[in-house]
Amino acid sequence: MAPVATPFFFYLLAATMIIGGVLVITRKNAVHSALALITALLAQAGIYLMLYAPFVAGVQIILYAGGIMVLFLFVIMLISIERTEKERQFNKQWLVGIATAGALGGLFIAVYTKGKSLFPEGRLSYPESGNTQGVADLLYGQHTGTYMFSFEIASLLLLVAIIGAVVMAKKRI
Amino acid sequence: MDAMLHISTLHYLVLGAALFLLGVIGVLTRRNIVIVLMSIELILNAVNLNLVAFSRYWQGIHGATALHGQVFAIFVITDAAAEAAVGLGILIAFFRNKETVNVDEVNLLKW
Amino acid sequence: MTDPRTLSPLELENPDKTYLDANELIINMGPQHPATHGVLRVILRLDGEKVLGLECVIGYLHRGVEKIAENRTYTMFNPYVDRMDYVAAVSNGLGYCEAVEKLLSVEAPPRAQYIRVILTELNRIASHQLWLGTHALDIGAITPLFYTFRDREEILKIFEKYCGARLTTHAFRIGGLQYEAYEGFEKDVKNFVSFVKPKIDEYEELLTTNRIWLERTKGVGVISGKDCIALGVTGPVLRASGVKWDIRKALPYANYKNFDFEVPIGTNGDTYDRYIVRMIEMRQSLRIIEQAVGGIPEGPIMAKVPKVMKPPVGEVYHSIEAPKGELGYFIVSDGSTQPYRVRVRPPSFVNLQALDLMCRNQLVADVIAVIGTLDIVLGEVDR
Amino acid sequence: MRVIIDYIQSYLGSDQTPGVAGNWFWATVYVLLVFVGLSVAVIAMNWLERKILAHMQVRLGPMRVGPHGLLQPIADALKLLLKEDLIPSEADKTVFWIAPFIVVLAAFTVFVVVPFGPTHAITDMNIGILFMLGVSSLSVLGIVTAGWASNSHYPLIGALRSSAQMVSYEVAMGLAVVSVILMTSLNPTGTGTLSMIGIVRAQQAQGTWFIFKFFPLGLIGFFIFAVAMVAETNRAPFDLPEAESELTAGFHTEYSGFRWSLFFLAEYSAMIAVSSIAVTLWLGGWLRPFPNALQGARWDFFFALFPGITFLFLGALAIFSASRMPKHPYFRIQTLGLAGFAAVLVLIGAVLLYPPVSRVVQDVFWFSAKVAAFMYLYIWYRGTFPRYRFDQLMKVGWKVLLPTGLAVLILTATAGFFVR
């Protein structure tokens, strides 16, 4: 990819993500929020592609945008939203929340201005190739598979989540 | 201007921090549980973004096989799927009993 | 089985809550809906896709046929009955004519009886073909519809040649027939019988062993024979539930006792059995037609009936086995030229009452299948 | 000017797709070609579906607009564009407005990685098949939001059905795809690939289409995919989200005019997209039949004749039909039109017979021919099968396809382990 395009796409995708994020937390209607979140997630998949993480991007699209968000939409449709739209949208301690978030933001700014020198401005020589096989090696490789055990644990976590969700959502078991 | 045009790891980190903050604001201020859950997804995604950006940074230092950040991002996505499933399950159970989706009306430990 | 009459299918105090799962969803199916066979409106109470209860709203096609009868002479009313079950107009005419004949104590001559039986059985096949096509269409198989319409056309051609009309035939008159069978009538009917036999096999090839068809129809809309009798359900629906009740055999009318045919019955009372029963009925009708067309006697086609009909004071109930079930006419005469009261017992109307019972705890898609399998014609339900 | 021409020419003779080679000009040309080709394919498919279905059902289908109804799709498109675009008053207007575009975007974006030939793809992605599955799964979002935004019961039920259906069948679909990806790792090089072009090349290297690999495992995997893809595209017998006899039109009940036609367009391009996946993964993509058994210049020449001959045959068919048109003056324009159409077909056939052209077009032709076979299957299913009920659909997805898919995956892995 031509280097000129990189900043353009970065700022485009970043702006999409930020706008999407703002819409998520401000919309009254949960479906609108979900759609904004989907846009943000897709933009993030684009950012992953820019970071040469194509596999994560693919997983992001399939799992997040295609799976989790469909689940969200499904649940939003199951429950009534007409009434919640007319209600107060923010809780009583919203001021405290904003203040906390502001404090956290201040912390971030402090950290990033102080620690800026740790990141040498991306002047390193990054390998520009697909690395799906590298990820697979780390996950399942015979000798390099550092995360094989964690992967199995993750599958167990998913199983527990499935059972938990069924128990929670089913009216009569 | 050069710093703006040359996208470095820091740019991604700042973007991640901004998303994280948006998520935190959403979690702390919204009443609707669905939107709170979505804000949690935003937070997780901000973390993921950082992880992948760090992974890229490490590839520059340690070579093309330093992909631990990406693997972690995949784990986080798995976790997000589990969290969404259970969270929405709880939400449905809650809604069935209380006919509301507002967090501040969850004021009973048992019903 | 709880008594269907004590359960209210719908509790409409909480109308229109769109919460699935948490609460119920109320859906108005029809009156404008592709699968309600006309203008039937069904109010469904759903839990997700499960049907908790339903209520039929009818009357969108009400024309007051029974009231019209009170202001028409017996002869004048004859064409009106064709408009009730317009799919099986000949059967309607037969029932009415025989009822009035009973009132007048006349009997149609044998030749007329034979031609009547042939036309009625042809009409039964036509009605069942139309049922099969639309029923398959409701379940999602779009092709049988065109095959059945193609073959039904041949029957309509025979009707057209015989009396000039295709749908609302007005083929019979009180006391016999208006028209002599046209030249080549017997040949046409024989040709049709040999033409349609392989076609019925063709329909069965498409559906009878089709896995999806079996899954969609077996165990769907089950109704027991006892419930059928309690609700007054008749016709193929009753027979599919294992009750051997066919008025052609039980209370023979016309000259059905001269013919040899079997009454098919089912065992499970589900949609598949009703399908099989109707398919066999079509074959049995062909058998009756084959026997009848070979033995049409010579003779007059009209009994001696007065020009101005004044039946003696009294009342009569006459019922026939229409394609859809027991079609009954209750006629009260006050001795004048017009009936004092005509009451029709339409099979579709009575069978429709079983819909709620058959659909409880099934899915929305099954409601469509059950409406199809009941084989209702809204013209007859609303009259 | 010189620079631009050089830039354009620099790609010619490359053995990479324009996206990989980074050539913007050709990438744009390919995007336009794919877009136009897809639109033509959808229009042709519309006509063919009506005609084939009609002939299956002993009727004629469209006959009035143009000879043998050839112009019917265009007339319909015009009608839909000129129709009033209704938005229900209680609908969520923004979402109602966006939903069809989500579906269309998802259906069209997929074609970025579809390999019509070794170099005839817009781009070749490292994660090609993952990208295809992911993006095609996005269309469910459009359907769900369309159903919800209509603010009406039937669309809502249709949307709920479709979301459950598509998410469930994606699982089985994914398992079948993974078994193919395992097969690609049996290359001499020993590394598997997710790239669409890489998968076809793997079939070339291993000398067999993956449908015949580890017989019958490949066949079963293909079968699972073939069932799941019908469910994914909401076509009969899995057309529950738009079951017309139950939900009038399902999720697009409230849509009309242009927006409805977008759903239509998306449905057909999604059909082509999933068929392309099936063709690429199991049926050797652009490879001609028997690329290994029947090698040599003579066989190459023989198979290169097929595209031209197909078009000549279609042209001959059109000429035959034109000769059978009624001779009445009323039909003169239609006869002339059909003859003109035949002439165009014959001309295309003749051009395709010219060796340099036929060499280039071959790959695309074989790919399209295989996809066309799937399109015919879709129509055939629609003419034959009744519709599944929702619980049965779920049963098929979770209790039949998923366990079978898992078994195929495990057996493929085992077989691959021993072969390696």
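Think of it as A, B, C and D in the order they're written, each chain with its own count starting at 1.
Note that in this section a residue touches a chain if its C-beta (ideal position, glycine included) is under 8 Å from a C-beta of that chain, and two chains touch if they have at least 3 such contacts.
As the structure is a prediction and not an experimental result, all values here were calculated from the model.
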| message | Between A-B and C-D, which chain pair shares more contacting C-beta pairs? | response | A-B
| task | Work out per-chain C-alpha centres and flag the one nearest the whole-protein C-alpha centre. | result | D
| said: Based only on mean CA positions, could you tell me how far chain B sits from chain C in angstrom? | reply: 63
| query | In angstrom, rounded to a whole number, how far apart do the mean CA points of chain A and chain B lie? | reply | 5
| Roughly how many whole angstrom separate the Cα centroids of chain C and chain D? | 45
| Where the centres are mean C-alpha positions, what is the separation of chain A from chain C, in Å? | 61
| Where chain C touches two or more other chains, by residue | 18, 20-22
| note | Where chain D touches two or more other chains simultaneously, the residues are 156, 160
| said: Please output the residue numbers of chain A that touch at least 2 other chains, ranges allowed. | reply: 55, 59, 67, 71, 76-80, 171
| query | Inside the complex, what are the residues of chain D that reach chain C? | reply | 53, 56-59, 153-154, 156-157, 160-161, 236-237, 239-240, 243-248, 382-392
| said: Under the definition above, what is the set of chain D residues touching chain A in their complex? | reply: 22, 92, 94-95, 98, 125-127, 130-131, 133-135, 137-138, 140-141, 144-145, 148-149, 156, 159-160, 163-164, 166-167, 170, 191, 194
| chain A-touching residues of chain B, taken from the complex the two chains share | 3-15, 17-32, 34-35, 37-39, 41-42, 45, 48-49, 52-53, 55-57, 59-61, 63-65, 67-68, 70-71, 73-75, 77-86, 88-93, 95-96, 99-104
| request: Would you mind writing out the residues of chain A in touch with chain D in their complex? | output: 1-2, 29, 31-32, 35, 38, 54-55, 57-59, 61-62, 65-67, 69-71, 73-74, 76-77, 130, 132-133
| In the complex, chain C residues that touch chain D | 18, 20, 25, 27-28, 33-35, 49, 136-143, 145-147, 150, 206-207, 210, 212-213, 215-216, 363-366, 368
